[in-house]
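By letter and in written order, the chains are A, B, C, D, E and F; residue numbering begins at 1 in each of them.
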Amino acid sequence: MLPRASIHDRLRSGSPALAAWCGLPEAAIPALLAREAFDMVVIDTQHGAVDFATAVRATALIEAAGKPAMVRIPVGDFAAASRYLDAGMSGVIAPMINTIEDARRFASFMKFPPVGERSWGPHGALALSGLQPGDYFQKGNGLSVSFAMVETREALDIIDDILAVPGIDGIFIGPSDLSIALSGGTDMNPASAMVEEALDHALARARAAGKFAAIYSATGERAADLVRKGFHMVSIASDTALLRAGAQMALKAARA
Amino acid sequence: MLPRASIHDRLRSGSPALAAWCGLPEAAIPALLAREAFDMVVIDTQHGAVDFATAVRATALIEAAGKPAMVRIPVGDFAAASRYLDAGMSGVIAPMINTIEDARRFASFMKFPPVGERSWGPHGALALSGLQPGDYFQKGNGLSVSFAMVETREALDIIDDILAVPGIDGIFIGPSDLSIALSGGTDMNPASAMVEEALDHALARARAAGKFAAIYSATGERAADLVRKGFHMVSIASDTALLRAGAQMALKAARA
Amino acid sequence: MLPRASIHDRLRSGSPALAAWCGLPEAAIPALLAREAFDMVVIDTQHGAVDFATAVRATALIEAAGKPAMVRIPVGDFAAASRYLDAGMSGVIAPMINTIEDARRFASFMKFPPVGERSWGPHGALALSGLQPGDYFQKGNGLSVSFAMVETREALDIIDDILAVPGIDGIFIGPSDLSIALSGGTDMNPASAMVEEALDHALARARAAGKFAAIYSATGERAADLVRKGFHMVSIASDTALLRAGAQMALKAARA
Amino acid sequence: MLPRASIHDRLRSGSPALAAWCGLPEAAIPALLAREAFDMVVIDTQHGAVDFATAVRATALIEAAGKPAMVRIPVGDFAAASRYLDAGMSGVIAPMINTIEDARRFASFMKFPPVGERSWGPHGALALSGLQPGDYFQKGNGLSVSFAMVETREALDIIDDILAVPGIDGIFIGPSDLSIALSGGTDMNPASAMVEEALDHALARARAAGKFAAIYSATGERAADLVRKGFHMVSIASDTALLRAGAQMALKAARA
Amino acid sequence: MLPRASIHDRLRSGSPALAAWCGLPEAAIPALLAREAFDMVVIDTQHGAVDFATAVRATALIEAAGKPAMVRIPVGDFAAASRYLDAGMSGVIAPMINTIEDARRFASFMKFPPVGERSWGPHGALALSGLQPGDYFQKGNGLSVSFAMVETREALDIIDDILAVPGIDGIFIGPSDLSIALSGGTDMNPASAMVEEALDHALARARAAGKFAAIYSATGERAADLVRKGFHMVSIASDTALLRAGAQMALKAARA
Amino acid sequence: MLPRASIHDRLRSGSPALAAWCGLPEAAIPALLAREAFDMVVIDTQHGAVDFATAVRATALIEAAGKPAMVRIPVGDFAAASRYLDAGMSGVIAPMINTIEDARRFASFMKFPPVGERSWGPHGALALSGLQPGDYFQKGNGLSVSFAMVETREALDIIDDILAVPGIDGIFIGPSDLSIALSGGTDMNPASAMVEEALDHALARARAAGKFAAIYSATGERAADLVRKGFHMVSIASDTALLRAGAQMALKAARA
């Protein structure tokens, strides 16, 4: 196996990355999507039904297709970030990073000293990268990306401070939660004008800070818009949504 | 839970049944497809990656959506037919039924005496149907369907005899294997004229025998044709194919 | 699938709810108990051997029997509460809620804004409830119950404050831990007089606050007592205990 | 770990063995029942929902409790008999042994040459028994029992011939299937007079042949009767039935 | 992913292939061994504890390391051969091929018409090979190897006939069973002179027929001997044996 | 099953304990290593790929070999410590105990009141120990050991304070992380002089406090050194490392 291309290089390439998004509890699904024209695959363990064992299994299969594997961890479970890096994941998305302290704790589990306090033990990552331990220790912090989710008013208020935390490589915007937050809990509408304004602002601040900006989109059409805005990475729908869309399209044709 | 509607009644209703087809090894997928507008869901353990444990788990989830669960067994593994009926499946598709003896053995595992020799022990089926043991024994043979796959020249040659075997409720046509067989192993083309002629013939013979005719189709469009021909049940594509179609559609929109 | 009856309505019906309690790591067991005359089924991930994947699988199977699925989370793992609600659980029991801060954090993961900070992503819950996203967002906080476990002296001392926390729907009493706490760690006796007095007090305070009071019982006989006291929900024994009781009864008859 | 006591010695001890019967797909359940006062534990892979992986896992756990692990294989899947012996099972029950040829094929997979044709590879059995390969090869045929199920008219007619097959250690009577067979498919009643007569006859013939006679019973009370008749082994109910009985007993007490 | 190199070409390369041998039920183990200097990896489902789901998972992981995945099926379960080819396996070893009929039935499940009767449905194989269906149909028979195990006196007697069966690509010698057979069931000694003579003869016959000869060895040292004899493929020990050897070596050093 | 020998007694016996270390996600592996000459087996859920369900399964299998089962939990996931004790584990290793507060929280989840706040519910531990609930409550704190990992400069600075925390039974040194910390993040070298000095110091402080000192070693040779230094427990390599060593040794012999 060749050493994996750096996910940092991929995200800095100028060509926005499109990510598959997986919440179903079976590694064959991200493996299958990794063979489609997605640039990377995210396993969602915050809202998805995927457990640790399945996410670890998926890692090797996604990497086998030559794509970086990423994971969204549950709120505040930063120890899981380290575990997934150890298994060979190339990126971690941490939801609800609402304080500087949240961002610092997340970074501390993502990066080896002196940047953070990630503990040594990358067994899966060594196997998948083919690197020797000493090499991996030297290069490890640059082999994976940490995305802090910005999805509340609190996070927007301190976005520059979050972006300035060493070890935070970028932000990932959650439009649905953002719409709930910005509407004071009265509305769930990821396409609202308030959300649009907020995500433009967040994107600009990330670019100003020289860090990555990523975002979730519910459809391919919305993803095209977000790509045009200049996001480095845009995730699209979810395995469940894609499967349902495929089924509905086929059923419509069958009943035509 | 209400006693399940008879799958026989559903297939005799005059409205052709559209079936989802699942080969990925996770019960959440047939569960999800069962909530779409399919009429039934087939788990493929011949060519799919699904193991026994997953197929059993899927049974309860498909039935929970009010749809009959069916399974395709591996070639010649008729004991599995009984095991899936015990678990609560409503139908079994047996591939490569090429002799009368194949058909008789398949039927013997599908039906209680005196029709066949199915052994008593329907634990899952009792739980899912809500029937008492005595009731289930009396009604069991009518609660599920046995489909003999017709997909070789040998099978076509004796199709009337297969259809006449007591306990065989219908045929299920496999167009890909049929195309290979009819071309003498030179071509794999389920849309060939030879296949078309053969399936029309098989459908006519099944209807003449008062039994069911079912068939696999690779796309919704092809399913529409087969429905119009008068098949009682048409399966469409597969979970993998639907997921890939959904992904490709979304990616196309994202890159537009 | 019909929209599920509200678990709030069920608990307010005046008829006390009896809950099965499951700690064995296989979803077929809660599925089986859901078909018995229990009113709801609790999956115990604090003291039981059940992992996340199995608890999620159980959710759909319990709901398929028309019963609400509930879960007890590990101490302090409030992010899991959100994940189980996303999967379609109707209630969460959080152990060792000993401070107002504990109660507030638990509630924040159980309820959408403005009550709490539950993040949006109820994929399983949408599938099981049949609700559209907008509907689920509006009704979600009322579709599930949050039970704070009262099982220490600290918790008893601030029970009114815990009950007053917005988003806390009720208390769940843990008699064994309570007996350990009240005896200063000298005794494990859930039937002690101190426990009895404490649970009467806690029940009265919950009723005064207009919230639910629930409790664990080791046997059916004890459950009958607790039902008579007026608890809204009483859990009974555990899957392991019921299986052992069934086995011992059968063996006694066999050796008679 | 001590070398396991021979199951042959246990069955010849004069004290009838009571067996637990497991069809739920989780190894913790047979492990739990093995710690109750059963003498052995049977995993049912004919009518139960247990897959190969789970049955293998159960083997080590049952043996850890010092009890022999047994399995019922699917109809005709004699290769599975060898696989379970390799995993360390102490006995195999083969359903529907209706011809001499069935009995011979079953025995051939159960016993090493020259008695049968069992292939070498007892990895789990070596680990669990602590024996060296040479020892296991010499003693292996005596370390496990093969039970041929007698549950049809055909089997009854040739019972002496079945019992005479080298490598068949005994018969196991299936009263439900026997009742269906003896009634010509009109009745499922394991307590019928015809069944009673048949099982008395079968027991007498097994004893005359110096081989074991075992039988399934649905309840502890029925097991007591069968023990008194002189069966060497009697299985009782099933994990599902015991769990339901425990649940119904507890619910009755709770609602008293 | 690149199209896989043909396993036929690899075996014909003149450099003997060393195969890892896996019987533990976890796909991470063959994945790990595939990254060591083995040339291919065999999953043993005859004597090992591996189930279908785990073997399928292992397939993708072994192929991801650029090595062919092979499987040994249970005795007579030829339908499994097709299922593993569909999953993407590159070779199948069938134990106890003792008659021409055994060899013909095995070949019929390994090769598409007109050579055999393999049914169409290579979903995993298409994904792993990257081939289009039409291409895979044309090339499929050459993309995988069928090894008939020669391990009895009957098989030796007809070895030329077995080797002449179209669709049989080679033989795989099982020295332990062969030693039992040749000694009339009195001895289990894979290093006996009788076995040595038999394997030399078998190797010569395979070479004379222009087909492959493969064999199992219990140690690396024995493998070196067999390689020198000219076998095309030699498997070494097993995952269990390698792990135990590693443990014993480390413990010896620790206690030195 | 006999009551398990106390792990405290084993560690105080004067004979240093050698522990196997497992990170592969399958319970059969620790079961296998438990039958080798290790004194105990550790499941690593911090850096390993093992999930909760697999670790629980492993517990019973390790104990079945008469060896204590231990686990390393993820950083800060102290609730998991209680869950593993409930499942029957005999010891827990908590990584990155860097403050007194860390040590106190860890101890609180490890010990029943009045020492800590462990909640009652030891279902697996009762089953595996054979103790009655009252007995287990009285003896429970002495039946398991809590190891606080010392692997940072902060921890070394307060090592006496950590050792003085009631409920902390010993320290476990992580040489790799220690080398990173002591080098200010510039070097990963568990054999550095700085690490050597630090571990001698830590060992001396543990002995002075009358508590246990344990440590990880990458090889058997290094373990011999550490045993000579007087550590109570030394873990050796990992399942992955042992398997790779076994494979490389066999391959070397095969290619000799």
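As a convention for this text, a contact is a pair of C-beta atoms (placed from the backbone, for glycine too) under 8 Å apart; a residue touches a chain by one contact, two chains touch by 3 or more.
Computed from a predicted structure; not experimentally measured.
Contact with chain A and chain D alike is made by B, C, E, F. The chains that touch both chain E and chain F are A, D. A rotation of 120° superposes the C-alpha trace of chain B on that of chain E, rounded to the nearest 5. Comparing the CA-atom centres of all chains against that of chain A, the greatest distance is found for D.
Its interface matching that of B-C in over half of the contact pairs by residue number, D-F stands out among E-F, B-E or D-F. Counting the residue numbers that touch the partner chain, chain B and chain D have less than half of them in common. Using the average of C-alpha coordinates as each chain's centre, E ends up farthest from chain C.
The distance from the centre of chain C to the centre of chain F, with each centre set as the mean of the Cα atoms, comes to 33 Å.
Note: centroid distance chain B to chain F, computed from Cα atoms, is 52 Å. In chain C, the positions touching at least two other chains are 25, 32, 49, 51-53, 240.
Contacts between chains form some other arrangement here, matching none of path, ring, star or all-to-all.
Pairs of chains meeting the touch criterion are A-B, A-C, A-E, A-F, B-C, B-D, B-E, C-D, C-F, D-E, D-F, E-F. Interface residues of chain C, counted against chain B in their complex, comprise 1, 27, 31-32, 35, 57, 60-61, 63-66, 127. Residues 51-53, 56, 79-80, 82-83, 86-87, 109, 112-115, 117, 119-124, 133-134, 137 of chain F touch chain C in their complex. Of all residues in chain A, those touching chain B in their complex are 18, 20, 24-26, 28-29, 32-33, 36-38, 49, 217, 219-221, 223-224, 227, 234, 236-237, 239-256.
Against chain E, the residues of chain B that register as touching in their complex are 23, 25, 44, 46-49, 51-54, 74-77, 95-96, 151-152, 174, 176-177, 180-181, 184-185, 188, 238, 240.
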